[in-house]
Amino acid sequence: MTRSLVTGLTIMWLLVGSWASNIQAAADREKLLTEPGVYGTFAVFALNNEEWAKQDPATRILRLTSLKGVVEQHQEHVIIDLYLLRGLSDQGDLLFRIHAAELYETQEFLLDLKSSQFGKHLKTVGVMHGLTKKPVYVPGFPDQMKDDLNTISDPGRKPYAVVIPIRKSAEWWGLDQEKRAAMMQEHTAATLPYVKTVKRKLYHSSGLDDQDFIAYFETSKLEDFHNLVLSLEQVQEFRYTRRFGHPIVLGTMKSLDEVVELLAQ
Amino acid sequence: MTRSLVTGLTIMWLLVGSWASNIQAAADREKLLTEPGVYGTFAVFALNNEEWAKQDPATRILRLTSLKGVVEQHQEHVIIDLYLLRGLSDQGDLLFRIHAAELYETQEFLLDLKSSQFGKHLKTVGVMHGLTKKPVYVPGFPDQMKDDLNTISDPGRKPYAVVIPIRKSAEWWGLDQEKRAAMMQEHTAATLPYVKTVKRKLYHSSGLDDQDFIAYFETSKLEDFHNLVLSLEQVQEFRYTRRFGHPIVLGTMKSLDEVVELLAQ
Amino acid sequence: MTRSLVTGLTIMWLLVGSWASNIQAAADREKLLTEPGVYGTFAVFALNNEEWAKQDPATRILRLTSLKGVVEQHQEHVIIDLYLLRGLSDQGDLLFRIHAAELYETQEFLLDLKSSQFGKHLKTVGVMHGLTKKPVYVPGFPDQMKDDLNTISDPGRKPYAVVIPIRKSAEWWGLDQEKRAAMMQEHTAATLPYVKTVKRKLYHSSGLDDQDFIAYFETSKLEDFHNLVLSLEQVQEFRYTRRFGHPIVLGTMKSLDEVVELLAQ
Amino acid sequence: MTRSLVTGLTIMWLLVGSWASNIQAAADREKLLTEPGVYGTFAVFALNNEEWAKQDPATRILRLTSLKGVVEQHQEHVIIDLYLLRGLSDQGDLLFRIHAAELYETQEFLLDLKSSQFGKHLKTVGVMHGLTKKPVYVPGFPDQMKDDLNTISDPGRKPYAVVIPIRKSAEWWGLDQEKRAAMMQEHTAATLPYVKTVKRKLYHSSGLDDQDFIAYFETSKLEDFHNLVLSLEQVQEFRYTRRFGHPIVLGTMKSLDEVVELLAQ
Amino acid sequence: MTRSLVTGLTIMWLLVGSWASNIQAAADREKLLTEPGVYGTFAVFALNNEEWAKQDPATRILRLTSLKGVVEQHQEHVIIDLYLLRGLSDQGDLLFRIHAAELYETQEFLLDLKSSQFGKHLKTVGVMHGLTKKPVYVPGFPDQMKDDLNTISDPGRKPYAVVIPIRKSAEWWGLDQEKRAAMMQEHTAATLPYVKTVKRKLYHSSGLDDQDFIAYFETSKLEDFHNLVLSLEQVQEFRYTRRFGHPIVLGTMKSLDEVVELLAQ
């Protein structure tokens, strides 16, 4: 019954939503996801499980509708991707990845999320910011990555997503640019065997947060991803890594409707 | 009275359950427990003691029945082992070890567990993932280990289980394959005196979580296990270990029925 | 409705407030913000979200009025700047920067804040103290910085603020004064390209708190700030840094009225 | 009034208890406290102060009676020593030291403790396990220590107890046996001046928990104990110590009746 | 109204208290504050702000009276100094410094404090113990310090107090006594310019707690104290410091009556 209520709700949203605007939104999304100078925020929230379990089904759906409302309202300005951590992570239940041209737009979305009827059940566990930049070390590589990121993933099988904050040592930053470039080339070469099954995106964080980089991965083949990380641990550049993870955040990509349906139960 | 109620409940389950399907399940279990490419998840939960103590016996049994229901429902897809940490660990009360061909199956089980009537009393304390792999360093060793793991443990005396997350240093990964193999041979030799009393299983975690390996041990002789660890601390490979435990999780293996009976009290 | 209520409230405050005294206050503010020997305190508070969400709009406004009252009452003695962390930081919701000639004046303000009707919804997350000092290393630089800090920021666009606690290594303090001065000159040179878009202010903390310095930044161009930090990570002085951030606190500058309006919703 | 109620309760216990069985228990206790191969568990609990303060005196006494009941019931299998941390430690309020031939017996006691009417007010703060072993390094020393441990402490003046978890570095374990033995002899020599006023007992923990050793001390002269630790910090072996304390747990030895009386107030 | 009630209460206390006994107490205080072999305990408590705010003024005063009662009752055996951290520290609200000839006397006071009507609103945040000792390194210095500590501070202006836990490295303790003495002389020389404005007292903690020393400072001139710490960071001995602060606790000295009056509001 709960499930059919949610489905009905979803259909209603489909009818009411002005889908024409979504064509423009798709173009903007493309731009924000591929261009440099875009801010990426990873926000992890924990759902107050005991409180949430006490709500009756109708109240839950009402509150999840407020989640949908806030996301719809802001997605003209920011791109919001949603991941389910629950069950796979001890960090929290939901991960929002938000891309925006300016960080205050991300703040406005998250303020409205927290003020919403759903938001009062959420506890902010972690927020990390990064910035997309033009590749500096290996100019040939990123086009391939960009193409790859544009590949539409199989709709029937949502991939896993992994977020790894990285901090380099002072020694790394003290190396001259050439040495760093040479090591990054070795690093990049190690990733090539996995370029088709593991998508990567890099965010630069120095000063914005307590890491230098946020490495974001998407894959349907977790074993490939694991082997990729193993390869990266074996190149020389890894010796200049002071923090790798802590925490590594692993979840599954979900549509807003899927999350609503799962949490309504 | 509580105890006889639980026993009655157990008998009912025995009658209702379709045990034919369990023969196939046993074969699948065998496969998931011995083959490479299988995901192992260790999930530690704390029971909200104060809330749980407030429930009357009938409610507790009803909620524990929901635990049984969720486990039964998912055990066609995933293998679920249960350990009691309560009393022996400050990490939490229950440890679930889940083996699955794909991590999303593990997630589906844990989502249902958390949404269940019992699950709302649980707090997720820690979740760690690893992957079984074909042995690379010492091909002769693992067969013995595999045989050993297949040995049916004494039903009258459930052994202890210990879970140790391990992270190697960047120096370790920077060593060439041969040097690492030589050190692993010394490591393996140190374990041989304990191969009959201490069962071991290794999970590879790099990228999936904040450790490189999860070492899992089962034993009825904890002193042998302690001496095994002492031996492993004395080989050269140990100097390349950056994290060993933190936390070490120690508990006792329990059947689902034993856990139900213990928590019903 | 809530919004118009708040606006009405704001107008009332504007009328009642004796604005003549504000001219003197502005002069004192100037002095406290530019002179050495002034104490700067950064206090981060988290709003109890679940409790706050339960209050009806009228109660919220009443409590936010108590916040305004406390700030107005103390701003003759201390300078209070307010930043919204909510959404951008996992540290807390509000950051107060307080400048005072004596730290007990800061304590008196924060005591009254915590005792106020609004304060009982606040949890103290972090408090850091520092002291402004005459520049010792590079006497030529600070005038430019001072001028820069006096520039009135664009009223239509409130900048971002970032707070970075820094601890130097024992090796740093063990270096002779000349070597340190030479490295600080290299450090300062690295900041020059960003002097127009990123404002900086340094507080000395050794003994007052668990860091040696608090570096405070204001900017409308976060990317410039990020590039500034990248440059600072590449100079020799950075190798003598034991702590950089942990946490880095990032928020947006807000007027008291803006904060009241946002939290009233 | 509360005090006389407790005293009456104590007398009742004295009359009802079958003290003959205690003679055998004393012999078993002696064995468990002096022989190798015995498991020692240190479990720290915090009392939920706010909840406890709300109970009326009669309820408190009823709950403390359940504590007495659980301890009495298990002391045929395990040896239970009780320490009051409250006031002296920020770790918790009570420390139980439990000696058992098998760790599952300790678990059974702690399970019953947590399920008791008193136990629901307790939060498990820390649990550490170790194993007693025959001395390997300096065979002459332990007899003296054993004799010393058998000395009945002054009944009128309960001594202080200090628990220090210790982890050695990988370098320590990599040293050959002879070098370690030589350093341990220097270590032992440093303890000799304090052997009469400071009792010591060593538990081996590698693999059982996140330390290699648990050092347990009893003394009425804390200053002597402090000087003993100072001496131990100055021998060569201390340079191979990676963790010393963190936390050091300090409390006072109390009989079960004393604890009951104190907490009844 | 609340304030006058408190004042009345204070006067009543003044009349009822037998002030003759205070003359002896002052002599004992002098002895405990200046002699070696005295235990100093620093206990930090956080007030449950939300609960406290809910109490009506009369209840608050009743509870604060219980605080006064406990302090008065124990001050024949232990010396109790009180500091207000609230507003200046994220560690807690109140710091008690307790001097006692034996640590169990300190425990008795803190047990009664926690059992009092006021104590149930307190959460123990941190407890540190140390021991006063005869100076070993630089015999000439401490007399001056002792004189200084006896100087009655300006009653109109309560000074700031700072508590810094310090742990030395294993290398420090491994140095021979002469080298350490030479470095301590350099350390002491660095403090001389501040001896008149910054009072210091040293407690030895090895074994009693997770630090080697507790350095306690009192000053009305925080800038002098900051410069003193800066000087101490520049001497050679500082390179052998493994922990300095973490946390540094900063507050203002308050009389019991001042604390009562502040918390009654």
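In this document, chain identifiers A, B, C, D and E correspond to the written order of the chains, with residue numbering beginning at 1 in each.
FYI, a contact is a pair of C-beta atoms (placed from the backbone, for glycine too) under 8 Å apart; a residue touches a chain by one contact, two chains touch by 3 or more.
What you see is a predicted model; the values in this text were computed from it and never measured.
**Q** Quickly list, by label, the chains bordering both subunit C and subunit D.
**A** Correct list: E.
**Q** What whole-number Å value describes the gap between the mean CA coordinates of subunit A and subunit C?
**A** Between these chains, centre-to-centre, one finds 30 Å.
**Q** State, to the nearest whole Å, the distance from the C-alpha centre of subunit A to the C-alpha centre of subunit D.
**A** Chain centres of subunit A and subunit D, defined by C-alpha means, are spaced 48 Å apart.
**Q** What residues in subunit D touch two or more of the other chains?
**A** none
**Q** Considering only which chains touch which, label the overall pattern as line, ring, star, complete or other.
**A** Basically the chains close up into a ring.
**Q** Can you list every chain round the ring, opening with subunit D and moving on to subunit E?
**A** Moving from subunit D on to subunit E and continuing, the chains are D, E, C, A, B.
**Q** Enumerate the contact residues on subunit A facing subunit C in the complex.
**A** These residues of subunit A touch subunit C: 37, 39, 41, 48, 51, 103-104, 106-111, 113-115, 119-120, 123-127, 129, 131, 170-171, 173-174, 204-210, 212.
**Q** Provide the residue numbers of subunit C that touch subunit A in the complex, in ascending order.
**A** 49-50, 53, 84, 86-90, 160, 162, 164, 222-223, 225-226, 228-230, 233-234, 236, 238-239, 241, 245-248, 250, 252, 262, 265
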